[in-house]
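Data block below; observations after.
Chain IDs A, B, C and D follow the sequence of writing; residue 1 opens each chain.
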């Protein structure tokens, strides 16, 4: 079944809120997201600032202990401008360099939807102009966290959240452990582009048209979000410091290789030791995100 | 000038030792490295285990405050076998998963120099066979550290060291701040291949034929190693935890953009915010390594 | 006014739940807490395990931007037994020592209320007997977090939470920033005794009779919990890793010295540099707790 | 035997340098230390700045694998002034507070040897005057590190080093693993007083008269420095971040309880869980220091 749903309400926490739509495994949803500052496709304030979420989507039959797979079919910027913050965050640089950082203020980018580029003109900066190509992604994606918690979209955890991982693009699938009945899936915080780490605290924040398909897998023990791209399988870990996020991601990837790909931990050690790849999601938020990846051409069959 | 130099002695610290060869800016050196376990091209023990270094090479006129640029021309495995350790290190996984890790022991890989592949047969692992393609790199590269220090090849710092960064391959250049007269350059710890993080504590450890050219730049203030590849400029940071290595690398990249590429910190923030890339070197050693990169197609001119 | 209130319901999150009692600034409350496993004064299961909280107490007139001061008058174990976990958590020791840790299981301590001691007999341990004197404290104390969040009692933040700080005893006052109307104050997770760090994941978990008095201060900008003891002023920081918790606590203490005690940051630097004391709360939970303290005899007037 | 030895040379690294004096187990040494800035008892520059060390003292018969016990008999400030730095280091506070920190410059304290106090008058600070009582300690203490390394007195490790732990006072004993023949013991960096963490980067830096007695224990496997005070046994860990220093200290204390006090790891877990104490040495240097302590009244016999 296919749903086209334009949100009228938003949430700034991942939590067990009333569903905005009930869907079933196999369904396709076409919806949209406001930008991180709460501005919609017309540029007007439609939601409370701070990564407002579209959702939750209630997935029929989803129960704690299941895996919710989300295939992202499209993430398309839908207006002619975006915003970023102007300065690297102080905790990203050496302490003795903090005084050299610029003021953090909001700047506006012109977006050309036809060429797929965003351009900043900032007379306060040197150079004054910067153009980057679109690489559209979702900063926030996830499900309701465990035990009735409601957790700010400023951070992330086992349930996903504000991970700001550049690889969360159209064409990939991403899975979450289900903690609440119906899974309660959310999306938001679209970026036309973003550097690794989201070190200024934003990508190019823009409203998006988003399409995704959900698939439910019953009784799959995953502890952290997992992804499948054309080339890689990826496990995500969210925590501070980076070291701990990396531990979570690495451990989840080993578990996955052992349960689904025929490895034992010795075989997985050999493979990861010589072929593992790490990506860094955000290092800006309270919890950071690390991705542990293995190229599919290393995997059997 | 070109030098062909086969080492007879090795060092297991980066330090101000007597030079094995005196060279000048512009010179090419053809030499070789023993593997991390001290085994040379014949497979026999030629050096004390623990990342023995070939060096130091004394670069004429190099003084503290200069930049030593090293262009790596070749890193070529020169024997038919290599070694890895069999288990992911405990500090790389979640605490409650440590008990599931395999024993850490040394295993031998067969190396096929003609096809450029390494193959492990390990009856204790599942699967029992793994083949990976060569991606030869140097785990240890750097100069004598400041103030007469002598620091184990187990770790790294501003002077380089045991960074285990996969991008240290033939065809790149890597620069170090000079701390001692002559710079006192060292290489070692070659890997036929290695995953990000070097999470088993080794790449495929093998002896190498190594060629490099040095170039001296007087009075260049760099604080951390920097690299130039065909596609990127890269700043490296070495510290624990990952967060601090990342701070060093990011700060160095911003400084570099400001001194050499016409950016101010606001312009650099805009660029890095939307185009920065991070790589992870090793997360096994006392000091970890993070690389902050920017693609050259983003840079002016 | 004085209230005697025996809870019938509990919460396992700090959040904006319906108040169990409405109180006013100056009021005294006598209540009780179940232990971390959900067992009450009779030893029976009265609440869901996982640090069930007594509360929330709604404080009349409390608004976001205020300071809620809580004077703890009594924390008294009220039954003849408690529980601990038997093993140091794996993330507290070196990775290569994890395999030597004992199994983590729940063990029961006999509590002698008249002598104020707890005794463990554990035939699986060497030595088999351990007796410790009471040092009663509350592991969980805090208010509703910002923006409608509901956050597990497994962790902590600016709102307080599961800090497991040994100095939270009878006779001290502890303050929290108010984030929700009525502040919504909670207490729970009483320990008859506990080591620094709560490194086995528990103190001696026991139900408690608790008395406290609240006082409201309007429009006081505190960012983190603060304490007053007979001898010290204390600022608390909650985060991972320890380093970040320590940054929060130190910064809050400097701010406090500057706003309330006549220091500027240079004067505060001189004082803290030579007289600062740090304590560690828990290093077991997702967020760790560090206390930055200064003895009152160093303060003016 | 007793030695009175006034140093004429100093070292700024812990390393295997030529001994300044050969001593034997049981001997007492009376010597002195320059301050961290290289100034001696007359206030003149006698050594290179940056924690110059008095030493090394060669202990006859000390071999790798032994334990060197040092009983500190006296640490006495020997001149009428000391120095501190004026500002909390940026990495000790929140990133968004760095811009509020004062400039870091060197300030001079007047020292009254008869009353045992140090007084700062600083017209740039508010308040302008601060007096603190002496609590003399040594910031640097340790032996030559392993494998011929020479490591800056800016940092620390298994060999001790620049730990800046307030409890290193007269009356305690402190032990180090021996890594080099003769152990090669060093002392330096005396502080008339210091706050936990050494967060301005200095204690009250002053030259000292120091007396210590050494005792050699053959074949004792200790991995980190250990201390004995009148009231506690203490294990030290040195690393970054704090979390890792804490892991080292905790692990070492458990090992010690198991080898010397009749505990197994389950018994040690029970004890530490309810009675462990943590102290923080410095959090300023490249490696931080954490002390894990247990009161002797908890120990058998």
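The criterion applied here is as follows: contacts are C-beta pairs under 8 Å (C-beta built on N, C-alpha and C of every residue); 3 or more make two chains touch, one makes a residue touch a chain.
Since we're looking at a predicted model, the values are computed, not measured.
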item	value
For subunit C, the least number of touch steps when starting out from subunit B	1
Selected interface, B-D versus C-D, where C-beta contact pairs are more numerous	C-D
Distance-maximising chain from subunit D - centres being C-alpha averages	A
For subunit B paired with subunit D, centre-to-centre distance based on mean C-alpha positions, whole Å	34
Where subunit A and subunit D are represented by their mean Cα positions, the distance between them in whole Å	46
Touching two or more other chains - residues of subunit D	91, 241
Residues of subunit B defined as touching subunit C within the complex	89-91, 95-96, 98-99, 241
Touching residues (chain side subunit A, partner subunit C) in the complex	12-13, 15, 50, 146-152, 239-241, 243-244, 286
In the complex, subunit A residues that touch subunit B	84-88, 91-94, 97, 100-102, 107, 118, 120, 122, 124-128, 130, 132, 193-200, 202-204, 240-243, 246-248, 250-251, 254-255, 262-280, 283, 288, 298, 300
